[in-house]
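Next come the structures, one after another.
Look at the two complexes coming up: chain A is in both, with chain B in one and chain C in the other.
Now for the complex of A and B:
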């Protein structure tokens, strides 16, 4: 409001207001942060993404469809509706895009859904994990320019965004996401490949552990959508018959799994808790030592109405993030390192002169970091591992800032003036090809 | 800020919806429901890219139409007008469908003209913007440039372009034409700011485009957009809420926390009022879409609360919704499908006196008596006439009055109301005949009546004859003039007095029925036809097509993904169900019940979730101090939840200890309630709160434009627009 608006009183009602039409066209950049669980997108300069659509998609077999041999169902509502034969899949694998055709559709949906009907008008900033290989980076570049027709584009490592979002140019970023927990050292805005680590001990792992735990207990994990109604009970032996809906077909198992994830997610939010200390979690939870300190039970009601109190067993799945050997569902193959071990490894890989700086600037973000008391545990573990230098964990206090940390950092980057010189323009892409990304954005 | 700012009476509110767009100029002292309602559709004009508010027909060769001055114009070759003549009652033209429509067009002509006149007076400058092109097409006019004859038709919806689809703007040109039309109809002064209610699914670019249009075409000094969910929330004035806005083809579900829309998690599902229509149509395939729509709007269509059985169906535990697409509920009960339309007996039962009249007149008395016998047998099954006194939910069958807009009304000069001339056969199959097949009949029949040039009804004063008109109002329909409207009701009064004398005991009940009918008739305009349609228990199943469950599940997803978990329960405690789609009787309760039944954590365990720790156990700290002896872990006690609830009741003290972690939420919702309807808006009380979005718009406009004067950037000023362009809309 630089000038005084032409308000009434100044003009008589019958006079037409002066027409100083708006001339220039400044289009704001879009920031796209694709993850395994959700894909986030929004305008640069805003503090939360405007859209957050599931990266999971449904596919209803249809032999007539040449491209996907089925009908794609993308978005929150389609994948949460019961459709005969719909299978739920994910275009991501290993935290990076595997199925490009579908991923492109999902990105497009994410942008066009509520942001902009003119995808070709906006510069686009995309985030990527640090382990994204060259081939995939080039492919992303190709899609952004060829499919979306973006005027300008840039690819940024999500760890860099996350450290920026926490206003730290240098940080050890611990990103606890859905598919992966990764540790990336960032020095002055540059991510270091050396010293970056990742493990699958993350949200999905927790979900699978809990699913296993529930089925071991004999809990019928009927999700909401398949039930007509619930009947409260708390004795599994005397469980009333399930009041399921008859769809006339059996929903695909992958659909049921996704629906189960919904209440498992709720369980993670409300009941799961991290044991706050390193190495004191009882080895055998069914045979606790006498001097063991008490913990509070928490009750949970499952969609079919089953209510159960969870005691020490609600600590089990989170504990497996730090100590994979206690996983309720045995991990096949080599036992991965726990999260704290991984952070230690990362620090050990770094030059000695930056270790203290890193330990003092540990940034913990990602949806799984919202697990109750997980930061206390991390803090405790790291204090035990590095008794000398000062260990300091920084974690945003606001839930959206944790969940959308990478997006937020991207939003900050894309909106700052200096960044505008970094954009790769369509012209450059046309001249050099997809390989431009390797030259311009390491 | 300088200047006195905007005045209450100089604010334009526009709330576009998928079916109708609400608009109002000025804020009244006490906020009222929207004064104007426009269908959200336009018709392609004569030129490419032009849109008009009403359907325009070209007069074809040999067709005639009535002009305002009482002249009839007949179109000649190439659409040129060839002759004019006065119409008198003696020379009734042999009508065609198109011709008669001019009757309907008549009132519009006048209205359109005045609008144009106003526009010309007040805003001469605007005229040359080309915006007023539409108006020129108004009415039947002979234009120099285009010698063809055109006329507007209010009722014809064929070829209509609906501007919004599931809230999204499907046709921009039409939408802008509509905005222009609204703006011209209301004709505000130059310093009238505009507040528009935005649909949640509008993208940022959509909003920019609208903003640009508003500033550049409508020349407003200020423009604001208010999200529909925010407006609904504002009307209810609650801090945290879950807004469920049931529309025509979609339902928007939005959680608001601290007055802020939870943008990321909000959702729009493709279920709305129209999904209920579709479902009903599946159940009652013999009815036309229009009939279905009116059935849904009638008061016999309701959604029964849980535990109230559908009459005639034994199963108390009825299947609310079996599957989203294919209803399998059909034929659940034994006697549920009375197929009223196949049995003439039922039809007679409903049409009552009318049909007796018809039957007697047509000499079908024998058949009729046989049917009466049949009815008596039915009485034992509880289907008899006495059942009419039962409340709707106890009756297996009930009927509603279907009002059909008849487009092919006869050209009349307004004096001859002669309703008694309807062939009896026609009336008998009124129920069976779908609208489409009826139309030609009407024409035919009308011409019969014209040929006979019947005496006015008062003359045929046998008490049975006029009764026919109460139900089958061919007469009033046939009269396009307002005069007929006035005579209509009084006519009916006399008929009713005639009926009173009748001995038949049944009449008494039917009188009540007809009184209701009469009311509707009075309210209804001419050019309509009414008939009764009886439906069975299908009328209770409107919402069984999956809409309730879909909304419930989406609502649960929306709230469960709200980031501030501690306020989720607040949202559940003020659920707002609004929108035109939820007007079906019982819908709101049914929806709430569905949500509660499935997603509310049972009350018996409710209190346990208020606290994480039992009050008698100190918080275990990281150092191991305050470590009590193990409490019972045994989780399998039958009443575990209650025991814990009792133990936990008062302890919340521990929460502050966990510095690094965000406090853990409790499983919820433990209670789900509907937000309280605000009480201080008397005008809205009668109107109902389904459109409370408009109330919120008025409140918003008052705050943004009048109280606040732009201090908090509640709207985009012309200066903002000039400096920032359409994107300024995002900065408010």
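Now for the complex of A and C:
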């Protein structure tokens, strides 16, 4: 009967779907996952991206180049070499593409130079953040079809990819990236708009906090590239003079900042640690209560040879992700919500029936989620907030899976046999125009 | 080759002297043939001196793996997905043999890759599933679907969303944006289900629906208030404070404890009852009432006793008990003339106990026969008692009592009428007689029965009297009114009778 909401053509549950259990069908698609820090690209069906190119690019002033008013430097090596007047910029802003010319160049660099593939031969899957506005989505579509000439293309929300990468059709995806930490509920592969939250409490925030913390301590943050050699010392007052390389010019400040970010990144990886419990972090770290004295110190050597042991202060920057009021560098403007509060807000926006399910399927991914014990903290916070229902955090154990989760999900999706009917083809684009993206990929 | 072996031994630090016994293997080959009985070949092979387990490594590459048959070629193949309308052609790699199996490629394949026919059916196209969402016509909308709160456009928009998101209500509620209206999921569901119900009802009246349709029709019933309330409770349950959760867990533990102890109590009580309960006789005891019967009974008991005892007596002597047991009950009891060797071999040991039992049996039958005359004697000696004496000794003659414990008051023969049960307490109270007899002897019980019967009779009479009085009153009234009014009073009467019937009907 017509009004019955029943499915047609479904296999009866007793019949085994022969040869389709794998469900994959490779059409040699490419997957591109642009982020603020790095742009990941690779072949669909593989488990890690083939290439991971920094999204930061260098621009060397060149009066002959009209297009970019300078020469573009794209890739790991070019942007990390000392060039006179090279300025480091980022084509992304707010987690989405701002400078389309350069972003296109970077994507082309990834596909043509790094993957040595011809764009016009492969279907292309691109990921986007959930807050990507319609205009930008249309622009992406235009670029892919007009500039790249791809035969087929699809734009998919990175949160959906991340939940797929963790083999979950429905999950509450917490993506702690470089520029943003976002919380997105995904139901059957469809992200919900109400209940999606984001905050700048992410990797970049941590870097800035640490940079401030170091300068407060009076540490000279000269990057490796600018130093001739180093002399180990541990007393700041008796610091030996810096022996810097003489390049014959002064590198651009943005270049020096990027180089500083590199050792701060190292600090984040090996010294920073998250306080594992909610609401017990000491308010005044200079006046510690007795029970906090046993915290293990960790040593770190800065590029200029300064060695220092970090105690409770190595917890400070990660703590500011959960409790922004303790940030070493005071946050200007309204104080953002901590990550745990943000997750709670997101849950509060959801329908009462799916909340328990979402709490049971929290997927935590992104590079910043690799901070030591951050999941423990998150779990503790959520357990305190929701003592009744079962809270379960799913986070891939493998580091690449955590960092490239969105790419991996895209790779799974693009090599899935049932997905091939979703591609937007060149023909459809020619018929409808860039607006097809709004109709087909919601 | 032997050179390499010595090298290896050198490297491994094995004494070169150990190399000497390498000659014996040839001899050993011969001794193997003469291996003594009782030692397995494998075990014997381990005896004596063995060459140390050194692998001989040849300096050459691994053999080429031997594949069965030739490798099936893979071919990059364009395919179309029937689930797509635009005819997009994508390429994937297909194994040639599987292509031939499915009939996707013809024999021409060998020729060239230029002309490649497409496989007829794309295997993943069948996952393109859409649900059927009800559709309504303009006429239908105007007839039954109009709603003050919902415009036609908004309803259409809702149904499009439902079609697009396959009835995933969470997503539909998330994406629903119509002229800035704030609709909850319950609003949307209520509208959708009411539309479905109305349209269904219009197309087929409820009475004409098939079982399937009417099941769907009832399933479509949506109670919005109830659903809102349910969600509120779900939410409350989700946001319990730690103290509440703890309290709840404590209560659950307590409940479980109470339940367990209750269960234990029941079990103990049942066990006690079982212990107190005497075994109920199943058969009739008529067969054992005579002396003859008693004698057989005694013999039966003896027989079963003997069977039981024999095991304990027979088992100890040297013979294996396991062979003994199965045969014992059937074969030994008769005489010792059995022909089978097994039985005759056992005879000696069994004969004695058997004899002993025979002796016992004789004794017991003797005692039984001695008991019977006594009983006969007692029967003839029964003394006839007078009524006064019977009363004095509290003897009574009554019907056969049923086994089990009961109260005498339970056996009283009281009137069963409802009116008696309802009204007797009042009358009893009036007479100053307790409802439950404090001393229910047979006499008091008999008296009580008589009294109850009398009360019942009294109530019956009273009822009759009332009835008659009522009738006379009515007739008097009729007489007084006379003429037309008599009809009205008759109708009143019929009303009265109807009202008196109604409660019965309700029951």
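Criterion: the second predicted complex is superposed on the first by the 412 of 442 C-alpha atoms of A that agree within 3 Å, B and C clash if a C-alpha of one lies under 4 Å from a C-alpha of the other, contacts with A are read in each partner's own complex, and residues count from 1 in each chain.
Methods note: a contact is a pair of C-beta atoms (placed from the backbone, for glycine too) under 8 Å apart; a residue touches a chain by one contact, two chains touch by 3 or more.
Everything quoted here is computed from the prediction, not taken from an experiment.
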First, second, both or neither for A:52, with chain B first and chain C second: first
Please work out whether A:420 is in contact with chain B alone, chain C alone, both, or neither, and reply first, second, both or neither. second
Between chain B (first) and chain C (second), which, if any, makes contact with A:162: first, second, both or neither? neither
Per-residue contact with chain A, leading partner among chain C and chain B: B
Could you tell me if A:28 is touching chain B, chain C, both of them or neither one (first, second, both, neither)? both
Touching A:204 in the superposition: chain B (first), chain C (second), both, neither? neither
Determine, under the contact definition given at the top, whether A:305 touches first (chain B), second (chain C), both, or neither. first
Which holds for A:277: it touches chain B only (first), chain C only (second), both, or neither? first
Which chain A residues lie in the overlap of the chain B contact set and the chain C contact set? 1-10, 19-20, 23, 25-26, 28
Residue numbers of chain B touching chain A in their complex, please. 1-7, 10, 122-123, 125-126, 189-191, 201, 203-206, 212, 215-216, 219, 221-222, 263-265, 267-270, 319-324, 326, 328, 550, 553-554, 556-557, 560, 563-565, 597-599, 601-602, 604-605, 608-609, 612-614, 617, 620, 622, 624, 627-633, 635-641, 644, 658-662, 664-667, 709-710, 713, 717-727, 730
Mind listing the chain A positions that touch chain B in their complex? 1-11, 13-26, 28, 43, 48-52, 76-77, 80-82, 112-118, 121, 224-225, 227-230, 232, 234-236, 245-248, 262, 265-266, 269-271, 273, 276-277, 288, 292-301, 303, 305, 307-313, 370, 372-376, 379-380, 393, 395, 397-400, 403
Please give the residue numbers of chain C that touch chain A in the complex, ascending. 81, 83-84, 86-88, 90-93, 123-129, 131-135, 165, 167-171, 173-175, 185, 196, 199-200, 212-213, 216, 231-232, 234-235, 237-242, 244-245
Under the stated contact criterion, what part of chain A meets chain C in this complex? 1-10, 19-20, 23, 25-28, 123, 151-152, 187-188, 190, 192-195, 350-356, 384, 386-389, 417-418, 420-421, 423, 425, 427-428, 442
